[in-house]
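Read from first to last, the chains carry the letters A, B, C and D; within each, the first residue is number 1.
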Amino acid sequence: MIRTPNSAALAAAVTLALAVAVTAQQNAAAQQDGRAAAGKQTVTAYTHARILPGGKPAIADGVLVVGNGKVLAVGDATLRIPDGAVVVDCSGKTITPGLIDAAFAGGASANDLNEQSEEVTPALRVLDSLDPEAPAFARARRDGVTTVHVMPGTRNVIGGLGCVVKTAGDPTSMIVKQDASLRITLGAEPSMGNRSIGGGPPESMYYRRPTTRMGVVWEVRRAFYDAKEALQMTQGAPNASPPSEGVEILTRVLQGKLTAVTTARSEQDLRTALRIADEFGYETVIDEAQDAYLVADELAQKKATVLLGAPSAEQVGGTAGSDGASPRSGTVRALAERSVRVVVTTGTNALALPLVREAMFANRNGLGPQQALDAVTVEPARLLGIDDRTGRLAAGLDADFVIWSTDPLDPAAVAESVHIDGNPAFTR
Amino acid sequence: MMRIPRRSPLLPGALLVCVLLPGAQAAAQDVLVQAHRLVLAPDSVLTDSAILVRDGKVAYVGADIPAEARSAARRVDYGDATITPGFVVATSTLGRDADFGETAVAFTPDLRAIEAFDPWQDELKLLPALGVTAIGLAPSARNVAGGIGGLVKPGAAQGRIAEPEAFVGFSLAADARNPERMPTSLMGAKEMLREAFDTAKTGVEIGPDLAVLRQVMAGTRRAVVHADTYAELNAALELSQQFGFQPVLVGAREAAKVLPRLATVGAAVVLDTLDPEGRLATLRLPAQLAEAGVPFCFAGRSDRLRLSAALAVRNGLDRRTALAALTRTPAQLLGLQDRVGALRQGCAADFVVHHGDLLDLGARHVATWIDGRCVFGDEPQQARTATPNTTSAAGDRR
Amino acid sequence: MNPKLLLAAILPMVAVSANCQDLVAVKAKKILTITGPTVEDGVVLIQNGRITKVAKAADVEIPWEAKVIDASDKVVMPTWVLAHSEGGMRPSNESMQNVPWLTVRDAIDPASGYFENALRNGVGTVHVMAGNRTLLAGTGMVVRPAGRTVEDMTVAANTGMKLSLLARNGSRLQQIRELRRAIAEIREYLADFERKKAEFAKEQEAGAIPKDKKFEEEIDRKKQAAVDFVEKKLKGWLYVPSYAELDEALRMTQELDLQLVLGPNIDEAKALLSKLKSPVVLDDTLEYFETDEETQKEVLHCTARLCADAGVPFALSLGQGGQTSYPWWQLGTCVRNGIDRKTALEALTVVPARLLGLEEQVGSLAEGKLGNLQILTGDPFAATTWVETVVLEGEVVYQRKDDPRLKYLFDEAAKAAAPADAPAPAPKAPEGEQTGGDNKGSEGSGEGN
Amino acid sequence: MQRLRSLFVPAVLSAWVCCAPGLFAQEPEAPPSPAAGSAEPPPQEPQNAETPEAPRNEGRRRSGGRRRAIVAIQAGTVHPVSGPAIDDGVVLLRGDRIVAVGKQGELPVPDNAVVHSFPTGHVYPGLIDAETDAFADQNLKNDGTLDGGAELADGLTWNGERDDQLVAGGVTTAYIAVRSGARLRGQGAIVRPMKDGFELWQGKEHAAVELRMTEGPGASHPLQRAQQLEQQGNLFDGLDDFRKAQEKYDEELKKYEKDFEAWLDHHKKKSGQPEKPAEGGEAKPAEAPPQQPGPGGPGGEGRRGGRRGTGERPPRPGGGGGEVSQEEFEEALATLMAVMAEAPTTAQDPKPAEPKQEPKPGEGQPNGPAGQKPEEKKDEGPKRPTWPKKPNPDPTKDALLKVVDGDLPLRVEAHRPDELRTALAMQREHEIPLLVLEQAYGADSVAEEIARQGAMVVLTDLLPYSIVPATVTRHPYAGFDPTTLATKLQAAGVPFAIASGKSRLAPLLPMMAAAAIGRGLSEDAALRAITLTPAEILGVAGDTGSLQQGKYADVLVTDGPLFSTDSRVLLVLARGRTEFEAK
């Protein structure tokens, strides 16, 4: 069960590490120093912690063994700790998988989240705009978030491709998934800035559709219509010239190869999102979903996954506030009762709290503690298709974990250290 | 002490007077320029030596000067001053961004910057007083693909084009993203370039614009890319890796975040001239780049070139690299190191004269020569053995 | 009402006869007394609004006539005490700057959503003061958030003069100078008054004025409160928005009886904090990020922690909306910044009670104190804990099952989802939400200095 | 006006500039003395230093510097500024003062001295930044509501932006002002920057009144400007009336007191009471309260009694030192006497430049409700006197009175020649003894006039092209070049300081001076412009600005000549405390 690396090298590394690493913090420092060389071979066992592995009940007196950037083993006190492993006593602490924010709004300058020259820009990648040293990432790390899903902004009808990145690490290696999702935005936001006649110079590129909710839906429908047609043509004639990149991406959605994320806040937009998806036969994840309590049954029936933005908020802040949604604290419970899969996110609401506090509020508002924690770990990992790498604490997965001062759903909880791929990304 | 300039060196009138008189008589004759310290290039310094200038170029240096040429030449002796190659500005629009960027379309790689060059332009006349002897005239940063840049030089009365086509300018910087036309975002700008390079690479029939991109991919033309933030630099580096070229990154404010990659890709950096009030991280960037082995030079406010180099030195850069960043490196980045940026045989006789090391602001700027003519400051009328005019000896007690 | 009456506890005047309503017994699984030891399986007896006994259930015989509130699976603790709040008034700032004669009594709206929210959060005592955007803003009062009229609600009137150093036009120097000037003017007025009094006495002695004549001039009614303040008969509550004003505030405390209310952004004045001797009240914003100019890195600061490090006791405040309006959030914020639970609890109970001079009345559960208690579903530090019942002076004033706002947020959401054919649209803009928005706005602009 | 040349102005000016206790007053005239003076006497130093100290110990405990060992700083070159550079020099410090400066070998170093040795280093006095906005936060800089009474010292904070760079760059004294848009923009303060904060220079919290006398570089017609500037002259209008009103009020108060006594006496006589002479004393409270408000209460607005003990102005102890430095100076002097064979004997009297009229302590109080009418008496005999009406307080006028009296310099920001001329005309007209011109870009053409009137100049923006880029030729300021200005002022004999102007530029102060050297200034003059001259302009030359016996131990050590671009700061001592040390 435990993959032991070359034992001689291990022993050498361990002796070295033991000499240096007495406490957890020193160990962390040592790992950081030797991140390239020695860090790879160091095996560390975190013992006597309460471990919430994700998707499974808590282990009261657990052991987490980490090495080579991966989780080597998780178990209770009976787990055999590999010889020579550095042992870190975590009595009184709680260890969870690194949190995953499935709708993370930071990480890039706001102007670069949307290419405003067109409304439908499926081929654009938000990854191109990310700054790995943005303060938003530092805040996320401090709050125990190790992986985020960043999507283009909500000013375009079809904004482009979202990506999944770790919140720390080398800029290239932190990318977990390049093309993770396609964002579609319904509601009032995509119309903002577009002008009707008399609203600006007629030659401006902003003199265009949509200026209404109807127009927004029309843009979505046209885009998917084109994609569907392209799909049928290529299927009929294999030698036909390949469709443009944008259309090709939409066909991937139609074929179920790419996750569509539809941002819809108010009830009408939520229903529209489900209807359009039905119409073209693709499945969509509903993002934000402030009014989801009004369409909970339909969501359940469609087996849709909901990215619930900022369950703590009792109103919607920022430009999205004009969308007409009326968030309620009871939403999480209403969805959970109908077995709708809920992923808790920070999303676009300007009033959102750190992700771990959002999970705490989900718990307060009626989600069970394990469910609430799963909603920021296991569930987003599954949704984003990265559950083979992170989201749980299990052997073989990335060593993304957080050592909390107490139960993470306690308002007093702080992340004492956050590890990404086994490296300390934040230490208090 | 005797030779404090009688008039403000900045007055254009003085400039013209200085320039026209010797200019007329020296045209045909060789000139032997002597000084106590002769910096041919940052790592090659001669003491009590001379260069022989013929037809605006350096014909011989130091001991290589044939005796008969030496005696026939008109002698100009700067005494104990220091002669240094003139400053080269890698990229500039000479203060006229609007003339060097098409506004309606963002993709115009086949435009030529020199077509908009005005040899009588005011800014050009000021440059000798600032020690600048050559400028890479570049399209502005407002277009994603701005066009082809060339090399121009200030002159005695008017400027001249020294090289019409030297490099091609791109921009991923904030200036290139305009909310009134495509692209409005960095994603859009990168996508635009990626698509263009892709078409240039794979396309069968390509127009003159994409042909320029082909030259970039073939390595026959340097690509100069404006990029400031991490995301912009990252996009530029990704494009260069994908399409196989070595970019010269202009601006590169956050270059510290991509230092190791810059070195591996073989990129060079044209930094904005330093603002003395700027963040310490910016002031230390030159030293960091030097340590990482990334070639860099300064461009931006040409009146701050010398100050920028001095500030960089104050913040940890070695004097040799600082001097190179004003002279040799920009010439190399434009692929013109055989023409300008050093006082080697065959290079243009562009140099500046200071009393002391020009990286100390206390060193007085005495003269600037371009193409073998003194275009700014004093040209000593006859050879003198020594000048007691050192700053430290200059008395102030009256 | 005599405006000079200081801290006059106005107790509900109940009928003399001992009917069963006067005797209330609260059975609890756990009683957090704050000042005394925690009592497991205990009983709190309240007679005529006062606590008569806090003890283990086994040691108490509950009188047959007592009304019993059974919380034997719940936690009972004193209601929270807020030492400084701008709530319950709309707006809380006068547009004029120097209005020491005003009193919040004339502005408090008993029906305000603020008091409703206070009860929902287990707050039993609120010191309402004018807002932070007025220089000399008038006097405040202590209320309980239950009652139909201000008189019903009053616990103590005329509790102090509100002052603020929050710069209006972005000019700190100007604000500091104006405050100094305002105080100097009052002093001068007082000195002039005293002079006249002294001269009168002398003139009387000399016979210039008949012996039987009395000095008739009185202190201007509009100046009375301000005069009391400079004579140290009335405490001043000084809002200090940031580090930059702390120096001046400290100078003022040397000559006046001042209670400091600290805004966020005080980390720059760490060294000064340790010079504070008396406890301070902290703004509801306890945590804030600051970006380092040079490195562009963000640093998190916690005002409570800064005070604790400097050895300054502090009282916490609650916000008017958002997470800082929850006591458990504020307590949790303290704990996650390394402050122990006891200190945190005291910062919302006994410390503010002491600052208000009400330590004999509220803030803890002990014999002789007011029967103000809250029944919680669990640990006061847990996010999942709800206030089940609030008892003020022996009277049940809040019950969660009857809370309309919680019904709106929770039950209606569940109901609306149930039948697909039910077209009844949910009320989109309930009153409570509007209040929330309003408060948020004023709070935001308050911080935007 | 020739009256300016009359006695008062020059007296104040020279007193301000030399400002220190008598011993140092001649210092500018006798530069070579320190080296020579310190060279010969020291042989007796060690034993002498021990004995006379002992009896003084008790009385001086709180000043701290007592039994501290001597610190010796040896370096390749010592630049005392007040005299020629000393090769292989040594500076001896004890506590916060300089004990001696001399040549290694000639000046004996006590055995127990702590020796810092920099064989190739250069030692300079701590630099002085004669104008900076350090410690002033953004709020203050944008505050357009400032006036002459605003005390910037109240608004200073350690905001950490670049403020730590001052002392790390060798600046040990700085004058703080803010360039806000207000016309009269408050009273600047002199601070001592430290590595983790700053302290106000005691007695120099209000170091000058700041006046903005320029409309900036906007293109405006000279005549229009002239008109605007003329209006600036009205700043001093009504100042005499204000002063008179104050004096009148004081007189009236006294008269009231007397009349009231008479009034009481009259009635006492009438009612047959014996006259009590003691009553006269009793009348005091009647008059006292408004002037000296209750215990702990500050007096007039704008005066913080709590801060400096009383609402009254502290006596001016010789401008430079302030009360504390006075005492410390005595101590330093004593040390000096111990060390030196020939002890300087001059007593350190507070400087004699007492203002002509000391503003009364009660002034500046807001308008009290003074008009309360006492009840009328129809009795013949003396009438019941009426309480005099207090004049309106005006903190700005208070400040300007101090300017006119020579207590505070007026610092005028004026750019163009016409603005400068107006400022100079103002000086003549209102007989302003201490005038400092800031940012005097156009001072070139009025240098002679400046020199004649004894005004001083603080130059900022000395880095190349920091006012207008070289490429902008149409700018009205395009012809101004402060870098060459230094040379011209030097030639005209105008005392000038080179200042950073901005805290972010503080570390570049030596580079600015170097830039002036590059345009013809001598190195000695450039060094003086960032050390001794600013000390004189700020009125602190008695305590700092050069390496001389008795001055503060403000020492800067660099590894190369100060004006070389890559010289590094090795050590900075401010009043003997290590504020920066290169690792």
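We adopt the following convention: contacts are C-beta pairs under 8 Å (C-beta built on N, C-alpha and C of every residue); 3 or more make two chains touch, one makes a residue touch a chain.
Source: prediction; values computed, not measured.
**Q** Would you mind checking the shortest number of contact hops between chain B and chain D?
**A** The fewest touching-chain steps linking chain B to chain D number 1.
**Q** Just to be sure I understand: the centre of a chain is the mean of its C-alpha atoms, right? Then which chain's centre is nearest the mean of all of them?
**A** D
**Q** Quick one: name the chains whose C-beta contact count is the highest of any pair.
**A** Looking across every pairing, the one with the most contacts is C-D.
**Q** Any idea how many Å lie between the Cα centroids of chain B and chain C?
**A** Those two chain centres are 67 Å apart.
**Q** Just give me the whole-number Å value for how far the CA centre of chain A lies from that of chain D.
**A** Whole-Å distance between the two chain centres: 61.
**Q** Indicate the whole-number Å distance between the mean C-alpha point of chain A and the mean C-alpha point of chain C.
**A** 41
**Q** How many Å are there between the centre of chain A and the centre of chain B, using C-alpha atoms for each centre?
**A** 47
**Q** Could you list which residues of chain B touch at least two other chains?
**A** Residues of chain B never touch two or more of the other chains.
**Q** Going by the contact rule already set, what residues in chain C reach two or more other chains?
**A** 293-294 - these are the residues of chain C that touch more than one other chain.
**Q** State which pairs of chains touch, listing all of them.
**A** A-B, A-C, B-C, B-D, C-D
**Q** Please output the residues of chain C touching chain A within their complex, sorted ascending.
**A** 289, 291, 296-298, 300, 321-323, 328-329, 331-336, 381-384, 408-414, 416-418, 420, 426, 428-429, 433, 436-437
**Q** Looking at the complex, which residues from chain B come into contact with chain D?
**A** Listed in rising order, the residues of chain B that touch chain D are 4, 8, 10, 95, 122-123, 126, 129-130, 276-277, 301-304, 306-307, 310-311, 313-314, 319, 359-365, 391-392, 394-396, 398.
**Q** Enumerate the contact residues on chain D facing chain C in the complex.
**A** Listed in rising order, the residues of chain D that touch chain C are 137, 139-140, 142-143, 145-146, 149-152, 154-155, 157-162, 186, 197, 260, 263-265, 267-268, 270-271, 273, 279, 282-283, 285-287, 289-290, 293-294, 296-302, 304-307, 365-366, 368-370, 372, 374-375, 377, 384, 387, 395.
**Q** Taking the complex as given, what residues does chain C use to touch chain B?
**A** Against chain B, the touching part of chain C is residues 293-295.
**Q** Which residues of chain A touch chain C in the complex?
**A** The touching residues are 135, 138-139, 142, 293-298, 312, 314-315, 324, 326, 328-331, 333-334, 337-338, 351, 353, 357, 360-361, 363-366, 405, 409-414.
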